Each structure stands twice: as C-alpha cells, then as structure tokens.
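In what follows, a structure is listed as structure tokens, so that the remarks can point back to it.
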Amino acid sequence: MKPLFSLVMLALLATLSLRLAPLLQPGEELGQVAAHYASQGLVDNRGSNLVTSVVVNYRGFDTLGEVVVLFLSVTGIGFVLRRRQGLVLPAPVPASELVRTGSYLLLAPVLLFGAYIFIHGHLTPGGGFQGGAVVASAVLMMLLANRDRHLPHGLLSWIESLSGFAYVLVGFVGLFAAGSFLANRVPLGQWGDLFSAGLIPVIYVLIGLKVGTELSALLDQMTHSAEPEVKREGSR
Amino acid sequence: MEFVTLYSAAAIALILVGLAGVLIKRNLIKMALGFSLLGTGANILIVTLGYVRGATAPIVDSPALLEDAGSLVVKQGAVMDPVPQALVLTAIVIGVGVTGLMLATIVRLYANTKTLDVNALTRLKW
Amino acid sequence: MQGGRIPRPADCAGTKVMSKKKSPLPRYLATTGLLWVMWVVLTASFAVQELAVGLLVAALAALFTWRSPRFGGSVLMMPKRFLYAMLYIPYLVKEIAKANVDVARRVLGKKLLIKPGIVKVRTRLKSPLGRLILANSITLTPGTLSVDMRDEDFFIHWINVESDDIQQASRKIVAGFEKYLEVIFG
Amino acid sequence: MILIDIFVGAIMLAAAAAAMWVRNLVSAVILVGVVSLAASFIFLRLGAPDVAMTEAAIGSALSTVIFLIVVRRTESHEKGPEVQR
Amino acid sequence: MQVLDVIGALLTLVGALFLFLAALGLVRMPDFYNRVQTGTKASTLGVILSLTGLGLHHPEWLPKIWLVALFVVITNPLSSHALARAVHRAGLPLAKGSIRDALRDEYGLESPALVESKVATDAETEA
C-alpha cells in the first residue's frame, strides 16, 4: 500500500519537474536586488569576495540565525546522545604509532590552513564556514588517531559562546554607528588589503571560530558518546 | 546543449533519486543518505539558477571586472549572482547539522530497538 | 598555558624519547617559525599586515603542537642535520622514480612478476618523526609497503620477497634510509 | 569541455543510484561521498568556488565520516527483501 | 615562456600516465596489499608531476603547489599504511602464492571474527 503510494507520488513529481524544467532558464540577467549586490558590493563593502559580502553583510542577520540553528542542532545531538551513567565503554583499537605521529605533525598546519581560509574570507574564496569545516577536520583527525582522548569541552564551549556573543556585539556596533543592526559603517580601508572591508573579516573570523567549535563538538559527540553494546569487532 | 541545462537536469534527477530513496527504502540509514542526496541536488539546482552566461566567479580580484578604474562599480554581467551561492553556502553547513541530528536519533533508536527497519518501529505509527 | 589543550602529546604512546630538560622556548619558536613560513607561502604576499597576522596565527597554532614528538625543532638548527636532510631529498626522489619504473614494469608486463609476502625488519631509529618518515619512505620506494609496526619492528609487505631473514631484509629495505635519518633525527 | 560535464554528471547520477541500490551500507556511504565530490566539481564549473569548497570540506569529508561512524555503531548491512525495484 | 608551457604540459601528461598506471594496478594486482602498493606509489608521483606541470604554467603558484605536494607526500603513504594495517587487523588474507606473513605468524590474527578465512592463506611454499 505504502510503496505504491510512494511510487505514484514520485511519478507525479517526475512529470511535474519535467513540465517545470523549461521554466528554469539559467544564464539570463540578474534580478534587481542581485544586480545591486553584484555591482555595488565592492562600493559598499570593499571586499573582493561578493559572496562573503552577501553572507556577512547584506544577509548578516540570516547568517546569525543560521549559526544559531547549527548550535541548536549540535545541542540536540548532545541531548540525544548524552552519556549514560555507569556505562563502561569498551576500549577502542588504538591507532598505529605512525598515524599518531602523523596526526600531531599535521595538526598545526591544518589549523593554520583553516585560519588562513577564514581570515581571508573577504579576499579569496572561502570564509568562516569553510575554515570552520577545515578546523573541524583537524579535530576529527586527532579524534580518530587518538581514540582515548577527549576534547577540552570547557575551552570549546568558552570559545563557542564568546564568539557568538561577540557576533551580536559587533552587530550592535552597527546599530549605534549607523542605526541598523550589523551595518558596516566603519572605515573600509583599501580594496585588496587584509585589513579592509570593515567589519566583514571580524565577523567571518568569529563565524569561523564558532562553526569550527560547533562542528568539533558534533564530531566529538558522534565518536565518543555512550555506545550501545553491540558487536565491536568484525564490523567494518 | 549548454552545460548549465545539463547540470540542472542532473540536479533534478538527483533530487528524484534521493526522494525515491527516502520514500521507498526501509532502512533508516538509507533514508538519511537519501535526504543527503536530496539536499545536494537542491543545492546544485539553486546554484545553477545564479549562473550568468560569460561571467566569472563573484570574486572581484582584478580591475578588469570594474566599470572604470576609479569607481569600484562592477560591470553589468561580469560576475555570477552571489545570492544563491550565499544561500547554498549556509544551507550545506546547516545540512550537516541536521543530518547529524537525524543520525543521532537513529543511533539512539538502534540502541533501544536493535533494528534499523522503519516498519518495525510501529510504536509511533499513526 | 597548555593545560586544557586538545591532546597532551607528552603522554602519547610511543613518545618514549622526549626532550631532555631543555628550555622549551627554542622549540616553540622553531615551530612558530615553520608555520609562519607556511603562512607566507600560502598568502604569497609580503605585505606588513599579512606578515603580522600570520605571525599571530602561527604563534597560536604552534601552541597546539609544539610539544608533540620532535616536530620541526632541532633539524634547522644544526648544520650537519640540515645538510643530511638536504641530501635525503634527492635520494628519496631517486628512489621514488625507481619505484615508479618498477610499478610500470610490473603493471604493464604480460605476466605478473610478483612473489609477495609480509616480512619483518628492524630499525634503530628512536624518534617518532624519524620513524614516520622512514615508514613513508619505505611505502614510496620500490615494491615495499609498511603494514604495521610494533616497537622496533616494522612489518613490510614486499611485492617480491628477496629474503625472509630479518637482518638481510632490514639491510635491503631499511638501511639506505636509516643512514640519513639517523643523522637527521639523532 | 562539454564531454567532461556529461561525464561528471553521469558519474554523479550513477553513484547516487548505486548508493540507493547497494546493500552494503559502507559502500552506500562512500558512494554518497562520491556524489558530493562530483557536486563540488559542478559548483566549481558553475562559478561558485566558495560553495565548492564548502561542499568538498563538509559534504564529502565530514558528513561521510559521520555516516561511517553511525554505520559502525549500528549495522553495516541492509536487511530484508526489497519492497520495490 | 613558451618553453615552460610545453614542459608543463608534458609533465602533466606524464603525471596523468602514472595516475592511469595506478588505476591499472588496482585492476591487475591479485590482492589488497599489492593493489595499495602500486596505487600509492604511482598516484603520489602522478599527483606531484601533474601539480608541478600546472605550476610551470603559472609560475606564481609554484610555492603553494609544492606545499600541496609536500602534504601529499606525507599523507598518501600514511593513509595507505593505515588502510593496510586496518585491513590486516580485520583479517584479510594475502593472495595465494604469497611467501609468508610474518605479522600473522608472530601476533596471530587480531580479529577472531574472520579466523575461518585463514585456511585460504596457508599457501606457504609456492614460488
């Protein structure tokens, strides 16, 4: 009964999308708002990367909301997977010494690379979200190579909440300086310099820290939280 | 055929494949994978909507893209539409958070019921 | 300062040889310096702003790993080690080239010329980073792949086993690299 | 260039279909990772390097790992007869 | 300028050939360990050559590209080591005709789940 219904729905959707597909005409000129963002973005923000201008400035409030959604989902994961009392975790198979050494060797360069990505978010492709993901993958490397270790949760939650708080504070700077939340009304600097584009790099660094810590917390919860007592070995 | 059209068709097909997985499969992890495919397809479709013929990526790193040297105004039609890209950028990040939440629920369900089959989870059925 | 940082490398298994009672500052500075060089390569710019931010970021990133097994540190400060490190690179390149000719011969040949097996070899190297580089070099050179290591013993998958004996196999596989690495990592 | 586009699109769709098809969940997860990788190439082709980076870092690295962790914790094989297909 | 471009294109071509060899090796070799062997070596050199070829087209990218190559040289063998070790621990036997497995002889198979398949590995003396 149910599969049949699903198939009918799918067929319906397929025909619908076939009918609608010709309406999607990519490659035409931009809408009014998008045209303004594309042509005036450099005048308004002085940052080479227009996507960053949109994410952090024009749509900065949305991004704040999105970071909050990410935070909430990580909190939800922590809530769903919270450690059960008194459950003893079986010892995981330790990684090879070479892998451990390699992970220590690569940790600092990968962290530096993540920082490079989110510091240069307004100049080159990349930014807080990508840099945060790179930082989290460095943390993931450490977690997988050293299964017996846990992250310093106190430090992480401090970084996470401080950067979130600072994001809101920076928003208030805009409110007091220009009368609207997150307005970019500080000296913009020279196009192409590192210290340019006003508040954009500041906010993107904060987003990078916040996303990095949140994704790290997510990975930590997935790898370390209470494991159900299922078969340990032999599973691939 | 232009390659954007090709890609938007591929994106629609990907959405359908993911949706088929979500609807037909009974294994919870397969359903989560289907959601992930669905999300990827939707993201590609949104980005194809921002494609502008003959434009470059929305990163203004050379003066050649400017209208004239002094003004910092970017030429009409010189760059892609940045808005869909910005939306998709955040959507991917939110997507991984949501997927994580979904998978955490699956892990917890498995710990309690020892099954990944949705049909076996009849307690919540309506 | 490093109290609650991610993992404490000092008690990482296999880090038997930690630095003696020396001041940690030179090592920290050396790590920072290496990371700073990496930053400059990444940004490809010598603007003052970039350099300053890079120094800050490098110093922060170095806080996470400067105590880990012999990272960076001493290699740059002793001319002899540096010289050997410089000599090691062409040697490795030569070995990699040989390895690839070997791979091409085996893969393209009509008949598979292989006689595989896992053999045990022994190394004298103590430093974790030295062992890492040794294992990587073994993997990249003709016909060998490091599968596992326990203490002093490496278990090598050898595509064309020439000798089953530990001594002989060690001489054939390890000795060439060890000659350099022993000097570099002390 | 259009040939490469067709190739990548075909790879992506084939990997997606195979991911829904195979019974081994580890293979399915890896195939979804392949889809993400192809998607990230497509984003690059569409002039969205930012999105391509995000998709490569998050879609094909982090979420693949999360899926693998979950598969390891539950079961790695999809059971039962197919309902459809 | 022109010469550099030609050299770069040639290097990229050679690199692509080595990557092809790596793929071919994956098909031709008899078991996992031999496949990883050929795959790692050929793909490392292939990637380095292709990247360097790209760097010769854009000389200003060369430092960055060598940084990437350095990462590849560190991580590629390391990951195949991790793979090989995990696979050996999971109990995958060597191909028929292998000389010996010193690791198994000394420590045994770690994973009891797959011990039954051990029989297949005991092709001891076959030259």
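Each chain carries a letter (A, B, C, D and E) given by its place in the written order, and its residues are counted from 1.
We take it that a residue touches a chain if its C-beta (ideal position, glycine included) is under 8 Å from a C-beta of that chain, and two chains touch if they have at least 3 such contacts.
Because the structure is predicted, anything quoted here is derived from the model rather than measured.
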Those chains which touch subunit C and also touch subunit B: A
Chain of greatest Cα-centre distance to subunit C: B
Averaged-CA centre spacing for the pair subunit E and subunit D, given as whole angstrom: 23
CA centroid of subunit A to CA centroid of subunit E, Å: 33
Subunit C, residues touching no fewer than two other chains: 38, 42, 132, 135, 146, 148
Subunit A: positions in contact with at least two other chains: 3, 6-7, 49, 51, 96, 98, 102, 105, 109, 125, 127, 129, 133, 215, 218, 222, 228, 230, 236
Multi-partner residues of subunit E (each touching 2 or more other chains): 74, 78, 81, 85
All chain pairs that touch each other: A-B, A-C, A-D, A-E, B-D, C-E
Interface residues, subunit A side, partner subunit B - complex: 3, 6-7, 9-10, 13-14, 17, 21, 24, 26-30, 33-35, 37-43, 46, 48-51, 53-55, 59, 62-63, 66, 69-70, 73-74, 76-77, 80-81, 123-125, 127, 129, 132-133, 191-192, 211, 214-215, 218, 221-222, 228, 230
Touching residues (chain side subunit D, partner subunit A) in the complex: 26, 48-50, 52-54, 57-58, 61-62, 65-66, 69-70, 72-76, 83-84
Interfacial residue positions of subunit A with respect to subunit D in the complex: 3, 6-7, 49, 51-52, 117, 125-127, 129-130, 133-134, 136-137, 140, 215, 218-219, 222-223, 227-228, 230, 235-236
Subunit E-touching residues of subunit C, taken from the complex the two chains share: 38, 41-42, 44, 96-97, 99-100, 103-104, 106-108, 112, 114-120, 132, 135-137, 139-141, 143-148, 150, 155, 157, 159, 161, 164
Subunit B residues touching subunit A - in the complex, by the definition given at the top: 2, 4-5, 8-9, 12, 15-16, 19-20, 23-24, 45, 48-53, 57-61, 66-67, 71-79, 81-83, 85-86, 89-90, 92-94, 96-98, 100-101, 103-105, 107-108, 110-111, 114
